[in-house]
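One structure is given below, represented as structure tokens, and several questions about it will come after.
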Amino acid sequence: MQKLKQQVYDANMDLPRYGLVTFTWGNVSAIDHDRGLVVIKPSGIAYENMKPDDMVVVDLQGNRVEGQWRPSSDTATHLALYRRYHQLGGVVHTHSTHATAWAQAGLAIPALGTTHADYFFGDIPCTRALSEEEVREEYELNTGKVIVETLGKSNPLHTPGIVVYQHGPFAWGKDAADAVHNAVVMEEVARMAWIAHSINPALKAIDNYLMNKHFMRKHGPNAYYGQ
Amino acid sequence: MQKLKQQVYDANMDLPRYGLVTFTWGNVSAIDHDRGLVVIKPSGIAYENMKPDDMVVVDLQGNRVEGQWRPSSDTATHLALYRRYHQLGGVVHTHSTHATAWAQAGLAIPALGTTHADYFFGDIPCTRALSEEEVREEYELNTGKVIVETLGKSNPLHTPGIVVYQHGPFAWGKDAADAVHNAVVMEEVARMAWIAHSINPALKAIDNYLMNKHFMRKHGPNAYYGQ
Amino acid sequence: MQKLKQQVYDANMDLPRYGLVTFTWGNVSAIDHDRGLVVIKPSGIAYENMKPDDMVVVDLQGNRVEGQWRPSSDTATHLALYRRYHQLGGVVHTHSTHATAWAQAGLAIPALGTTHADYFFGDIPCTRALSEEEVREEYELNTGKVIVETLGKSNPLHTPGIVVYQHGPFAWGKDAADAVHNAVVMEEVARMAWIAHSINPALKAIDNYLMNKHFMRKHGPNAYYGQ
Amino acid sequence: MQKLKQQVYDANMDLPRYGLVTFTWGNVSAIDHDRGLVVIKPSGIAYENMKPDDMVVVDLQGNRVEGQWRPSSDTATHLALYRRYHQLGGVVHTHSTHATAWAQAGLAIPALGTTHADYFFGDIPCTRALSEEEVREEYELNTGKVIVETLGKSNPLHTPGIVVYQHGPFAWGKDAADAVHNAVVMEEVARMAWIAHSINPALKAIDNYLMNKHFMRKHGPNAYYGQ
């Protein structure tokens, strides 16, 4: 697990580096599929003092297997996503400014351009509100469930992030670094969508064929972006 | 007092570090409850030249007890808060951009999401305007009084900050560092609330049970956030 | 080509320095007019690992002449511009936040002040949407063609940038550094135009004689700005 | 003049440090009242290469007295202000983002709060448009004249800045450093006023007695801010 701890530590440290978190408002995890174990940030530890060995190892039911600290209070949300989607290698939660503003606005982040389409195939959905019961008991688990409910049968790697209503963004990817990469993209497209909408409230969503082209040239079977 | 001076100095130096102040537009104080003495930043001294020994010690009536400089011009406001609320260990005033914009707009910063509810239980109030008389005589004292009037019987640690109409934010906490922490949160939720409102003017306040959950999981008797 | 590779490398490295790119979302090229060869950034290589020798050399038909990597996926767009406009020495593409927001809004960046007029003679146009056919086949080439179509008979050094509908900005100049310079200006005037429009939706375009004065004092035959 | 050159150099270098300028879009000058000479930044020299000895000395009619470079293209504007207002020791011009946006919007920056009132007694005016004749001939001189016309009989140290219509901000002060200080304030209150107005379009200007109090506690005969 040492290698995965290092990866999760590095990915967590990237959150302040990319301006996605204030204080301890974020957490990244990654899964070891073979062993069914998840490495996640400890709860409420300041980034500047954190070390790779502070990462906590839990099983998919949330039992602590390794580590001296309590895992992130959002652990149950991460685990719900890993149990449902076997394609996921890493999950991240932040309160990044612009994506959180869309969550507070209660709206999906609309697909308005190629920056968005290079990573997200269609709008970044906003979940429904949790009910009072869902919040009172097993709140973090229910947060995971409402994300799964909202994604439905979508390929989660084609929609590698979501905003939870009145809360904030969750993103994911093939591994911890990829999850953080997608969280950075989400924050940036959330910011652009706000500004674009403010410039022209009557703007139109990206043309479907343009979205398709951009997503596929990076992620499709005949991708030709990169090396 | 040397230890408290160092804490107050450190907390003041955090203001430019967190982007909350331009020039000398901010001040932090802390109280030594046993001795009834308050340590506060000197007035109009540039942050880059300040040292812990430049901090000024005053009693609760504002008489200077130690230090070579005049205390912050806002000292009377800080003292009014300490005299009224014995829970407070630190107080901070800034002109941080977005919180000040809400003060200028004359509106409470609405509770729109969990980022807000993790620290503030309900809206961050905006005071009424001071009258001409209140401004002319004992202005800084009256600023403290209108904050107290606005908070009313609220627990000040459940509403650890306020915006003073046409002026700017004051925040407080268990000690100087906690007060600054809350000032950083206020600035961030002020920014998010502006953007969220701009995205969707018809957005709704955070669901009451969700606010309750988030505040209590961090601050309630059964808090489970952190270690 | 070593000198041109160094220039193109330096210009690419300026993109993150000026805050114009996140990750690898940008590329700069430059042309050696005498040899008819273009030096361009490789596709999808992280800025922090890039070296001058990673730059790729292609001819004006896009055949790789030198270099171990695939050239930027936007190479065909750059080449279309060089083939049409012999005045150009460098071309740059980014997804800079505010210019991209105007592209998503589907609007030209209006000439509102002297900051704009110091570099751009008139609005910064927004292209029409590409058709489904233009996107499906030779998309990058067609992006170049629609830029040329939009510029029409304008002097490209008097309109040293454009926004491609639902995509983002392209800019150009006398050489690679000048192209990046113009991309920085575009991003800044895009930001100012958004804010100005938000302050006063009824604002007016810059007076024609003022635009003329500012552009000409920097770029006209009797220019008197600089040394 | 060596001391004044150093001061003007330092003040110019503060412009990028405070985020007020991109590239060479700014200039600071200061006057030696006894000798009737003005030290100003050379035109179009990059900040990173500038040295104190690059500063140019001109007399009040604009004749170069010392220095190897041409003075800033805005020199005639600075001189018009020094000739009219003997209280001024320093003048600065920038294209800082938010103040420039107000200039493009064609509106005065309204006095909305104490941050503004700590430095500016009332709104920061916006000049009228220059006529075609005023732009064509002696444009920079006429820019100075329209600033003087707009200020009228106001004390320029009570209104230490202005926005020139469709152009950008000019600020001034007792010396070069004070002028830059006021330019930083202008940019910050321009930003706050935009945000406050966006939050609440029906907001009210600062109460007159509150403005008076804040301006006077810093600048009046009985000032008690600072040491």
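Note that the chains take the letters A, B, C and D in the order they are written out, and that residue 1 is the start of every chain.
To be clear about the criterion, a contact is a pair of C-beta atoms (placed from the backbone, for glycine too) under 8 Å apart; a residue touches a chain by one contact, two chains touch by 3 or more.
The structure presented is a predicted model; accordingly, all values stated were derived computationally and were not measured.
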{"item": "Reaching chain D from chain A through chains that touch each other, fewest steps", "value": "2"}
{"item": "Size of the rotation, in steps of 5 degrees, that lays the CA trace of chain B over chain D", "value": "90"}
{"item": "Interface sides of chain C and chain D: same vs different residues, half threshold", "value": "different"}
{"item": "Most widely separated chain from chain A, with each centre as the mean of CA atoms", "value": "D"}
{"item": "Averaged-CA centre spacing for the pair chain B and chain A, given as whole angstrom", "value": "32"}
{"item": "Two or more partner chains touched - positions in chain B", "value": "197-198"}
{"item": "Graph class of chain-chain contacts, one of line, ring, star, complete, other", "value": "ring"}
{"item": "Chains grouped in pairs wherever the two touch, ordered by label", "value": "A-B, A-C, B-D, C-D"}
{"item": "Complex contact set, residues of chain C against chain D", "value": "112-115, 181, 184-185, 188, 191-193, 195-200, 203-204, 206-207, 209-210, 213, 217, 224-227"}
{"item": "Complex contacts: residues of chain D adjacent to chain C", "value": "22-23, 25, 42-45, 69-70, 73, 95, 97-98, 100-107, 129-130, 132, 135-136, 139, 166-168, 194, 197-198"}
